[in-house]
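Shared chain: chain A. Partners: chain B in the first complex, chain C in the second.
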Partner chain A sequence: MEFKELLILMALSLLALLWVFPAYTVFMGSLKSLDDVIGSPSFTPPREVDLTTLFKVLNDMREPLVNTLIVTIPVALLATFVGSLTAYAVYRRFDRVSDITIVLIAVSTYIPYQVLLIPFINIIKGIERYLDLTLFDTLPGLALGLATYYTPMASLLMTIFITVIPKDYIESALVDGAGEFKIFRRVVLPLLGPGLVSTFIFILILSWNNFFIPLILTRGYDKHVALKIFSYVGQSGTLYNEMFAAALIGSIPPLVLFILLGRYFIRGLLALGTGGVR
Partner chain B sequence: MKVFPPRVIALDNITFSIESGEFLVVLGPSGSGKTTLIRIIAGLERPTKGKVFMDGVVVADGEKGFSVPPQKRDVGMVFQTWALYPNMKVVDNIAFPLEVKGISKEEIRKRVVEVAKYLEIDDLLDRYPRQLSGGQQQRVALARALVKNPKILLLDEPFSNLDARVRVAAREFVKKIQRDLGITTILVTHDQADAFAVGDRILVIDKGRLQQIGDPSTLYNEPVNMFVASFIGEPPMVFSELKVENNIIETLNLKLGDFREGKVVIGVRPDEAIATLAPPSEGQVALIKGVVEVSEYLGARQYVVVKSGKLSLRALALVEKQLGKGTEVYISIKKLHVFSPDDGRRLALITRF
Partner chain C sequence: MELRYYISFILLTLIFTLLLYYGILWNLIVSFTNYSPLNPRIEIIGFKGFNDLILDEEFRGSLLRTLVWAAVLVILGNMLGITIASLIFQLESPRIRNLFTTVFMYPVALSMVVVAIAWRWLFDHVKGVNVILNQVGLPEVAWLQGGNAFWSLVLVSVWVYAGFIAMLYLAMFYNIDRTLIESAIVDGANTLQIMTRIVIPNSKQGFIVSTVFLTLFAIQMFDLPYSMLFYNPFTETIVVYIHKKFVAQYFYIASAAAIVVIAISAFLVIPYAMLGIKRWVLRR
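For the complex of A and B:
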């Protein structure tokens, strides 16, 4: 092999090792008992494989896992759908108004969540009052919060994906006499397939990993996986082994989803690059 | 129907009308504004100034900012890319315009099959567009445009995506349909052969300006300016700039009506200038002697580019052997077009020598 190739290979291997290292540490840590994990460096393998940690945490995680699934899947679906509607409206309009709209949406994704924390709570409380609902510390409330937070990003992604659809199809449908909703439903949505899946996966993973919105909108640790993982940090010390186990278990559902749907995700990205769905 | 859409950049003051049942071709090079014109008629664009009338009703008014949306215009359109919905079968593609109208499913099916049979694609109904050939896709697009019995049919360069061989058949097919159904049709193209094959009248457009509108014969024989003269006719006309002194055009020694002094541009159609090796016998017209520069040999005939002084022209030589460069030939011109070198408009048409 040439020297340059060797160098690149070495660099890539180093990078790969760096990336795998945290996962490796988490995996190792989840197999240790409490004394072991506190007493030894994080990257060393367990003195003695202790599976009780894993089993205990698996049990603890049951409720958070189910709750998170119940919340994040509808969130991703809703955000993606609203996002695609937005993208369609912008694509159809294509003038100054739509340009400004997109800029506003983009800017709203840049806003740091810290700025949003208190307004978020105020809005949720406001809705509770006006509609006489309980939203705070409920799964629907959390879903609403996450969906609101991620819809701008979904809109942005979908506006990019929608540009792949040639305007000819939409114009042909217009001349054929179809109204906007019919065009959206029959012509645009089917052609957005890979884009929709990509956005769905992306938003799902983001909401699965989101820590702060569940933190401010719910009490306790059981409504979201991210909170549960944090729950092992205590006043007098942190149960690292259980925390690692929780992190490991908590990361499996999105991983499984990505493995299952990943090819659509890649197809979506490819569509962006080659500018065509076919 | 009458159409008046002037628009500042793309279309400049175009006014014309089309009769019911007429086949009008809008002919022009790329960027001439012909697609913009047809899109305004369809309702996909709005005119900045001017009005569009359909059956005497205003459907677009530039100054008032009013434009009836395409859905309500009862127009059928075939796009250059055909724009067949790829996620639907052929039968659903054709049925699409009827679904909006609230017609029963059986009735829709009936009409779709009817149109499909007429266009000879009824055996393709269950396929998807990507499984069809270019010619077949075009017929599906036509079926979709016609199924709702529109007031006017618009075709945007429908033949440019077809192979040359399929193109001739497709042209005849479209012409036949138009005649059978008697539907008012506007076809946009950059290919003058398309225009001549199907058009009742041709509207020539360049840089957003209407150059000439008329039937094919008029456009061919009496082009109103250099652009029309050069764009129409295959092989194209060759132009030469010649001086005029005392009413006489140099080299040709022809008298030119009221034009006294100056420069003119001469154009001759290749099929109206005959090149012979021997001086032709009696009853012949404007004779010049020239030298062959290039010969385009096509078997049964050949076109030679001949130079005589400052005059250059392309002539038809009905000689079996290919004429080599430098051969002396005699040119008999049947018709001469004289244009102004400043704005290209026709000054005179000389047929008597």
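For the complex of A and C:
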């Protein structure tokens, strides 16, 4: 028994090396000086730790980092809240109408969003003309693009998470004469805690990492961190230390969230995958 | 819940969802017209868009590449996912289990651009893993040259998603009735027999879910090829093709190709979404 366990641990650790290696490479490479980069393979540790690249890139990335925070946190909050409203309505209604709603939402969530973005620009241009404001290449426009795609997804997630609440709770509140909004606020929202956190973390990480939506809806590289990281691929040529530093800095927020609150993120992934089996 | 309450609760989600459907409809309409910002007069061109599309060798190549990508990702992703899940399933300590789950899962929490940068350098001819291959006496591999680039990127996508697939299977494994496994142990079955005869066959649903997801991931593949190799003809997927045509303002072609992508995804997704509804309804 002991030997078997040891064998399994060894097999897993060997396999895990393949997963750790790229992260290790990025981390080590971002600590290298210019001389070191020119002469060494990408995955070796630095001859001596040189933090100048990291600080230089961090300074360069300040604006996109702040912009991404400004955009993604409200988007994730909005998507999660609106999603929980939808989930409650679907849960309470429970008939053909709510079934159709959920199928509509699910199908739109799983259709590749890239092909829907071209018409989205048209919508944005339409709103611009109608309301006389600028959305294309602005942070609100980017937020609108992300929210359009992630709100239905958050609704789907919350619809799955809400099923853990016993219907009796809601029914007894109804008997007590509470209205729908009051039940939602007083009974449902407090019980949805873990589901809300899962959805929020999930949408936050996805919108932080999204590349295509900012690529289409903005110009330049400063409105979203994924674009900024991408810009280093072109401009740094063979100087991998800068690319690695940008990749590392841009990955720290989602990675820290994933490691600290990973079980919430995983719950979000599993809910989308297994459709609320557990 | 009364309909007027229902609608006010779902209103915002409904608006966003309808925007997405508007996107589908827009593509459908534009694919039958010669719409373009450069074009003053919009005319209906019928199936010309789809006709041009089928005749375009680049489109056929990118569609084929996407389908092959999906097939290989489904096969390798499931194989590796089942292997990782089966190994983790044997571990007693929840702490070590969590550690390995985090290690195998973390790529899905990264931007594909980051993944592309890391692997671009590991695949580098001079500064990448070829250095290691050389040292242990193995021949060098031209990872990103010509057609090789496609297979290298497919492997990277397997690397990204295998941990996620393993988690889906693990969730299924833990759902299996423990008494089934215990009675098999009493009957003298070994670990391998328990996995291959009881646990894995009882996780068919994991296979369905993984296959749908991996296929969708492959159909949507854009960030990885674009941010590693830009418009490389050997790694051009269907979404990269659409993006390229869109940037070049060939809207009717881009839209016709978008309709093909939507049709393929809908073919997969609609039965899957219906299945989900059935499951929720049964639960209640």
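As a convention for this text, the second predicted complex is superposed on the first by the 236 of 278 C-alpha atoms of A that agree within 3 Å, B and C clash if a C-alpha of one lies under 4 Å from a C-alpha of the other, contacts with A are read in each partner's own complex, and residues count from 1 in each chain.
Here, a contact is a pair of C-beta atoms (placed from the backbone, for glycine too) under 8 Å apart; a residue touches a chain by one contact, two chains touch by 3 or more.
Here the structure is a predicted model, which means the values were calculated and not measured.
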Joint occupancy of chain A by chain B and chain C, clash or fit: fit
Contacts of A:D168 with chain B and chain C, given as first, second, both or neither: first
First, second, both or neither for A:V49, with chain B first and chain C second: neither
Which superposed partner A:F212 touches (first chain B, second chain C, both, neither): second
Touching partner for A:P190 - first (chain B), second (chain C), both, neither: first
Which of chain B and chain C A:G177 touches, first, second, both or neither: first
C-alpha centroid angle, chain C to chain B via chain A, nearest 10°: 90
Contacts of A:L260 with chain B and chain C, given as first, second, both or neither: neither
Per-residue contact with chain A, leading partner among chain C and chain B: C
Which superposed partner A:L6 touches (first chain B, second chain C, both, neither): neither
Touching partner for A:I252 - first (chain B), second (chain C), both, neither: neither
Closest approach of chain C to chain B (Cα atoms, Å): 9
Intersection of chain A interface sets (partners chain B, chain C): 277-278
Complex contacts: residues of chain A adjacent to chain C: 4-5, 8-9, 11-12, 15-16, 18-23, 25-26, 29, 40-43, 82-83, 85-86, 88-90, 92-94, 97-99, 101-108, 110-120, 122-123, 147-149, 151-152, 155, 159-160, 163, 167, 180, 184, 205, 208-212, 225-226, 229-230, 232-233, 240, 243-244, 246-247, 250-251, 254-255, 257-259, 262, 265-266, 269-270, 273-278
Residues on chain A engaged by chain B in the complex (per definition of touch): 166, 168-169, 171-179, 182, 186-187, 190-191, 277-278
Chain B residues within the chain A interface of the complex: 42-44, 69-73, 75-77, 79, 81, 83, 85-88, 96-97, 99-101, 130, 144-145, 148
Partner chain A, residues of chain C touching it in the complex: 1, 3, 5-6, 9-10, 12-14, 16-17, 19-24, 26-27, 30, 83-84, 87-88, 90-92, 96, 98, 100-122, 124, 127-129, 131, 159, 163-164, 167-168, 171-172, 175, 191, 205-206, 209-210, 213, 216, 219-220, 222-223, 227-228, 239, 242-243, 246, 251, 254-255, 258, 261-262, 265-266, 268-270, 272-277, 279-281, 283-284
